[in-house]
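To start, I am sharing the structure in question, which I have written as structure tokens.
First chain written, first letter: the chains are A, B, C, D, E, F, G and H, and each begins at residue 1.
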Amino acid sequence: MASNKQLRDLVEQVARGELDVATAHSRLLDAFRAQPFEDLGFARVDHHRAIRQGFPEVVLGLGKTPAQTAAIAAEIAARGSTLLVTRASPAAFDAVRERLPDATYYPDASIITLSQEDVARGHGTIVIAAAGTSDMPVAEEAARTAELMGNDVCRLYDVGVAGIHRLLGERERLASARVIIAVAGMEGALPSVISGLVSVPVIAVPTSIGYGASFNGLAALLGMLNSCASGVSVVNIDNGFGAANIASLINHL
Amino acid sequence: MASNKQLRDLVEQVARGELDVATAHSRLLDAFRAQPFEDLGFARVDHHRAIRQGFPEVVLGLGKTPAQTAAIAAEIAARGSTLLVTRASPAAFDAVRERLPDATYYPDASIITLSQEDVARGHGTIVIAAAGTSDMPVAEEAARTAELMGNDVCRLYDVGVAGIHRLLGERERLASARVIIAVAGMEGALPSVISGLVSVPVIAVPTSIGYGASFNGLAALLGMLNSCASGVSVVNIDNGFGAANIASLINHL
Amino acid sequence: MASNKQLRDLVEQVARGELDVATAHSRLLDAFRAQPFEDLGFARVDHHRAIRQGFPEVVLGLGKTPAQTAAIAAEIAARGSTLLVTRASPAAFDAVRERLPDATYYPDASIITLSQEDVARGHGTIVIAAAGTSDMPVAEEAARTAELMGNDVCRLYDVGVAGIHRLLGERERLASARVIIAVAGMEGALPSVISGLVSVPVIAVPTSIGYGASFNGLAALLGMLNSCASGVSVVNIDNGFGAANIASLINHL
Amino acid sequence: MASNKQLRDLVEQVARGELDVATAHSRLLDAFRAQPFEDLGFARVDHHRAIRQGFPEVVLGLGKTPAQTAAIAAEIAARGSTLLVTRASPAAFDAVRERLPDATYYPDASIITLSQEDVARGHGTIVIAAAGTSDMPVAEEAARTAELMGNDVCRLYDVGVAGIHRLLGERERLASARVIIAVAGMEGALPSVISGLVSVPVIAVPTSIGYGASFNGLAALLGMLNSCASGVSVVNIDNGFGAANIASLINHL
Amino acid sequence: MASNKQLRDLVEQVARGELDVATAHSRLLDAFRAQPFEDLGFARVDHHRAIRQGFPEVVLGLGKTPAQTAAIAAEIAARGSTLLVTRASPAAFDAVRERLPDATYYPDASIITLSQEDVARGHGTIVIAAAGTSDMPVAEEAARTAELMGNDVCRLYDVGVAGIHRLLGERERLASARVIIAVAGMEGALPSVISGLVSVPVIAVPTSIGYGASFNGLAALLGMLNSCASGVSVVNIDNGFGAANIASLINHL
Amino acid sequence: MASNKQLRDLVEQVARGELDVATAHSRLLDAFRAQPFEDLGFARVDHHRAIRQGFPEVVLGLGKTPAQTAAIAAEIAARGSTLLVTRASPAAFDAVRERLPDATYYPDASIITLSQEDVARGHGTIVIAAAGTSDMPVAEEAARTAELMGNDVCRLYDVGVAGIHRLLGERERLASARVIIAVAGMEGALPSVISGLVSVPVIAVPTSIGYGASFNGLAALLGMLNSCASGVSVVNIDNGFGAANIASLINHL
Amino acid sequence: MASNKQLRDLVEQVARGELDVATAHSRLLDAFRAQPFEDLGFARVDHHRAIRQGFPEVVLGLGKTPAQTAAIAAEIAARGSTLLVTRASPAAFDAVRERLPDATYYPDASIITLSQEDVARGHGTIVIAAAGTSDMPVAEEAARTAELMGNDVCRLYDVGVAGIHRLLGERERLASARVIIAVAGMEGALPSVISGLVSVPVIAVPTSIGYGASFNGLAALLGMLNSCASGVSVVNIDNGFGAANIASLINHL
Amino acid sequence: MASNKQLRDLVEQVARGELDVATAHSRLLDAFRAQPFEDLGFARVDHHRAIRQGFPEVVLGLGKTPAQTAAIAAEIAARGSTLLVTRASPAAFDAVRERLPDATYYPDASIITLSQEDVARGHGTIVIAAAGTSDMPVAEEAARTAELMGNDVCRLYDVGVAGIHRLLGERERLASARVIIAVAGMEGALPSVISGLVSVPVIAVPTSIGYGASFNGLAALLGMLNSCASGVSVVNIDNGFGAANIASLINHL
């Protein structure tokens, strides 16, 4: 993890006699061993992530106790990084707020944030289209995430394919997108139709909305994976955050 | 299965002394025992089906030997009924043709027919829409079946949702249908979009066309069952015959 | 979405000099853009649906908050349309009733309705057969929906195939139907047997009733899709509403 | 595996001085070690099975080479036991016949037999009902097995539930059974209806007959496991042999 | 459903002039129409079941409201039939007890009973073997059912195959059975091992006991269906009642 | 589909009297009806696709007869468009070559191409990483597609995660990518590890390589959908073409 | 279960006249019948297990009532054996503590223990690596179990593959292990990567951590079974105890 | 990958002026970049694997062309490493033999080997138990692999649980094992029973042997994962090689 330049500098210092062998050797070993993360015992907070990946580590609230979530959140915020906790329960927010009073909670997206750094702005607009009202929590997770990551977001909700005119009526806004996130449960046909109308990448998010043979989103997932439109890639069921992260990566290229 | 009138006639004949007790008793028992089918040992050919269900028994070729198929076909034809064999291999047709030289084979529908009776005409047109070229064998099974059952058929092929303008360009023909059969593999979104455009029943036929996560038609099947459009009912994967039979029932109401 | 006549009128007005070019052009563009729905932000209420599909938009209560359900219901009712909310919880009804005091709740069908328009009457009777007592909530969802859509409904409950005489005893009523809805959980064999007895379309509704290897209705669903009777089409597990909607479409042909 | 009496005899012989300690000890150890089977390296032929289970070991041909099948068959026949090989290919039969010229092959049941012992006769009749013509190979595997095991067999083929009168017309024969085997593919509803008509155990055999959502017999299997009739137990898909074996056990009680 | 003798009597009465034609005709039609059940609206209680199947109709409590359960129970008891309700909650028992104060509840089997008739005794003993302590509720459902149906029952609990000596230590009791019910969750191997030790039918009951890849009993179910022992048939997951009913049928042959 | 300008021109012509009402009206209707595709009966070739989506329609060879493939290919080539047929068998190529002698076949990618137009160049490099040698056909489908669509491609094959040093040794090349396609079968872990090393979008392609519990790619598919790295989106199993198309869309932004 | 020596002694005693025939016979029979367990009715506590398997019987708390758990625990402790109850709820611990006041509860591992015997120490260290914070409960179940069984344990938590440097930074500790337990949910790639870095057995534990297409651990399970690294074997989802038991067996070899 | 000592030496050389800065820097970078494998374009042959993992890289023949297999095999053999190709077809062996005439093919294990190095001997015996004759190909893959890796192997074939005495008769040999591989298809119960008899690790290998509801080994796999015996870990269906590799790792500890 030592940079090219650091290695050369070290060698030059040794050559110039400014650095003794033992110290140089030790520093080289340190460079190999350096851990760019903080070990909390139950979690290793990754402080180099913003450098490596363009955005600080994001905390998945699911499966963590409020106390664990709060400890990780505090560690991230202490380094001055922007905080993003997804799938956060109100109880988790209560625990976070005790340590970080300025944190914000978006209940319809189940997201906790604390904006601390200038985030680079994306180049275009991310359109987030959702098939039904019930898909909104997932769509909002995507929308809030994308906004926090520096993107302009345009929301098109309740534009499912059974009333195709609703979608066709928004063609202009679809055409204005640099990348589109299409959120749908049930049969999950929205991304196919959208992808046929535009020439930008479509990130499909199946949702667990539905009943019976929707099998908690499996039907929508399979539908999207089998899209006859070739510009569609898919993320996990209900993974609004992941779709937004990918869309943001694309929008920042 | 004796009719109301037959029962009364019998009783009256006894009362009038025209029929002795033993004979009457015996006829009553016979009426209970009468089997409206021919037992071939490996198959029971149902000769009352046209009366009960409006069309003679249809033979599913799948899983039968050519000899079995031919024997059943001959039995049906011998009663003057129209013959329809689905999922018929060329070998099955060869065996049938030996017994029924006038039978016809439609290889792109894998159907053997022999028209022998006046079939009642349906009231309107059955539109058969297929998403892709590869769905044609299933669509043709539906189309040939529907035609044989006395229906006008309109074929709309390669109108998948990824190029929605292809479908929208056929709105008029869709609007002219009394019932629509929508055939699609992959994500199976076609019936949802069609159902949103019309006010007639849509029979959805998932096909096994696709690969990978299509799981031999499972993705299309689940998509159709979860249709967000409420006028869609579904038949088994690749069951073009079943869809046509239901559409014909509806078209003859 | 502009009608043929509207287009001709416009052109004639321009030809007669009654309409200037800019205005005509603008109107033409407007016609392309007109949205036949109300955008509530989280939902787009479709006010043209009754025209397009013969019945106003129906609200699926599942996955919507009571507040969202009530807002959509109020929007529909405000236009004088008949209201139908399915999968409605008592809490949703409370929210709806605050805005629409005349709304009615059927707890055994989980349906909210408010009848406001003359609905066209269907031509015949829809028989709704249910295999067991536990299938009643789904059967009632179908029955209430069908009635609200203007159909005569005949209920045959607890006629499962393990006691086939119960079903055979109702042959006459089955024979009187124009279309039949067959509701069953567990092995889901009811539609096959019924379809063999009649010559009208049978809409099969698998229910999630059962345990163990019923896998929440999967067994019944697969059974119905594989029906050896060729007049059966299938809707999603527990989708009583969908079956009734299709049956009503057929009954109004 | 030494019997109670053998143990007592041995002890008495020692007590009477007729047997020295070393020999007695050795015999006791032998009794523990005795293997009631022949080890062919790739197979251990169980020669005590007829004693323990009432019928000699049966060979499942599936997954064995013709040479392996023939070697096991020869080993069984050499002890004078009746031979039964199921799922036997013609090639396997050729290999067996070279060693056992008197063996018989039933191609429609894929069974090789060589009858060598008096088999105890069962008490009643086993009725084997099959839903369709395509289910015959499985039904015949059951029928041939049951006959070889000493049972009277009554075959009722092509009595599927979609034409319920075919089955009802055979009520008398069903009523005469001591145990019934019901063979069906597709939706697998036959056992439920039969079980409702009789008061004897019904062994259900799902078959892999069908296509699409039959998923190679899964639909029929699930249907039978979820039978609403309480006298139905189920064996593996296409397992005609197993059903016959159980039916024979019951018929010999 | 009129008997042979009733038909002959009727005809003779007409022949002797003792019965006029209209009455005779009417009686014949009545005989066809007679329903051997009571229609409660939501349920049809089958009063001929004890005659047809050897035991009165059994009520599956699952999916019924306490009020529905109590109404059906009262109807059955009113005819003097023995009552058996399975999957009965304490609330259901409270409702039943209000109408039938003599009813008994077995909480570890979730069964309500009211013994009212002499039940014919079975010929032998039904051994009920359960793999683990957690399988007891299902095993007890089977045991209580079998006892109520007139069978001697021998319970062998916690004899799973991972400690094979526990099972081998009970060989004698296994050998004494006329039919065996083997109850197991997790990998469900118990029936295979037992069936190899005995020569009587084994009814296997998979249970939903387990976690992770047991998938609520699916692993046990598949294991039992694939038993390499040929005397095993299988019922639905957790279906202790069904297994007992079949075992009782066999034990009464 | 008439453009804004065309509509205005038409109106102006009418206003200036240069166009009579009947003709204008007829042209307007024509504009609505114009189909931007060629109907071959079994296929509708989309000639506007290059305009709408940036690349001409691509032909999926799977499920089409060689004759159908050749007819569609000829139709596309006749318009001067670049031809791309995926999943093409050698027989399909033979049929295409008869009509288009200049077409090229890449057997390790199962792709037929005929380059006819200047394709816009993408901005950066698409790295295609494949886990194992067996994944090469899918990786090559992606690589050939991406190259034909105007992208620089860098192939990194046999860099699976079980020998992580192989992948880490290519870090520099990974870092140079604008977008990465990660192809893997078996457990499908490659995209997760790669995504953790870079800050660009990763398109994951599960392959059907594997055996047993790989279930034809299902294991890899699920693994990729559940990636703990947040920059991964997924396409269908073996869908190298789809991944390349999306990557190309991103690379052309 | 009588030992070789016991048998010889008995025979010698008979030969010497020190033991009469009846007693000797009886003892021989007893030796066959002796049950090395205590039958509590609902459970058979295995007191020979420590001898046979190296550690006393372990109690799976899941599916047992607190009273049952406590009774079994008391029975084990009464013999002086070390107690281990897994999947123990706080209520179960309350019941156990009443009988065994010295028992300890580890809530983050859901384990109750009571150490009573010297357990043999394993030879090396068991490293337990967990991919994420949410996997800790399973990892702790493994860690506590391994420690109680006499092993040195090294915990490496939150070392998932999406941040591969976290894992590579622990290479030294991984290299020091005699056997490794790798715990991961979601895509479950951790064991593959670890196994590629070391030359010791890796026991993989999929966890139910994740959402959507993780299907409660199925994705991780399939990923681990399909590991491209050949040193990985797998236990059931969330089965930390099983992994620790196997690792301990290996570490004690 | 440069060693600690190499780094120190380099630094010392620089300090002593024996090495100039540019060369030292370049060597350091080289050390980081060194690839311990040979890149064949379609494969990267890992020559450090024997050092890292105790045995040279093993080639999975599945999915590779004979030419690819032969090229990789030649590369491995050229370095003097022992060659092991699994899942090798006869065609693959023909291709390998052309380059490596001394290679050996085991057709019943589908394995190609070429022994070239002294392999360290394992400490004990690996017992390989297989349930049925049909499981032999998988068992032999395990046996040949284990032998090639330096282990003593004891084969116990056809010891399935339905004839438990076959297995119990081999208790002594089971007891002599240091690690056991248990191979079984169908219900896969063998490992559970074996694990209850011994105190060493059991590696379970499900096979695809079976039919119907075995679902190509899924039933056996689930059974093994749910083993009630706690010493069982599992590998992929039919993965005899993997089981042998793990057993060998354990046997060499």
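To be clear about the criterion, a contact is a pair of C-beta atoms (placed from the backbone, for glycine too) under 8 Å apart; a residue touches a chain by one contact, two chains touch by 3 or more.
These numbers come from a predicted model, not from an experiment.
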Common touching chains of chain F and chain A: B, C, G, H
Centroid comparison with chain E (C-alpha atoms), farthest chain: F
Farthest chain (mean CA position) relative to chain A: D
Whole-Å gap between the CA centroids of chain B and chain G: 59
Separation of mean Cα positions, chain F and chain C [Å, integer]: 39
Chain H residues counted as touching two or more neighbouring chains: 132, 163, 197, 212-214, 218, 221, 225-227, 230, 236-237
Listing of all chain pairs that touch each other, if any do: A-B, A-C, A-F, A-G, A-H, B-C, B-D, B-E, B-F, C-D, C-E, C-F, D-E, D-G, D-H, E-G, E-H, F-G, F-H, G-H
Chain B contact footprint on chain C (complex, rising order): 52-54, 58, 178-179, 197-201, 203, 221, 225-226, 230-237, 241-243, 245-246, 249-250, 253
Chain A partner contacts - residues on chain H that touch it in the complex: 4, 7-8, 11-12, 14-15, 20-21, 24-25, 28-29
Interfacial residue positions of chain B with respect to chain F in the complex: 132-134, 136, 157-159, 163, 165-166, 169, 209, 211-214
Interfacial residue positions of chain B with respect to chain A in the complex: 131-132, 160-164, 168, 186-189, 192-193, 195-197, 210, 212-215, 218-220, 222-230
Footprint of chain E on chain G - complex, ascending: 1, 33, 35-37, 39, 41-44, 46, 49, 60, 62-64, 68, 72, 87, 206, 208, 216-218, 221, 236-239
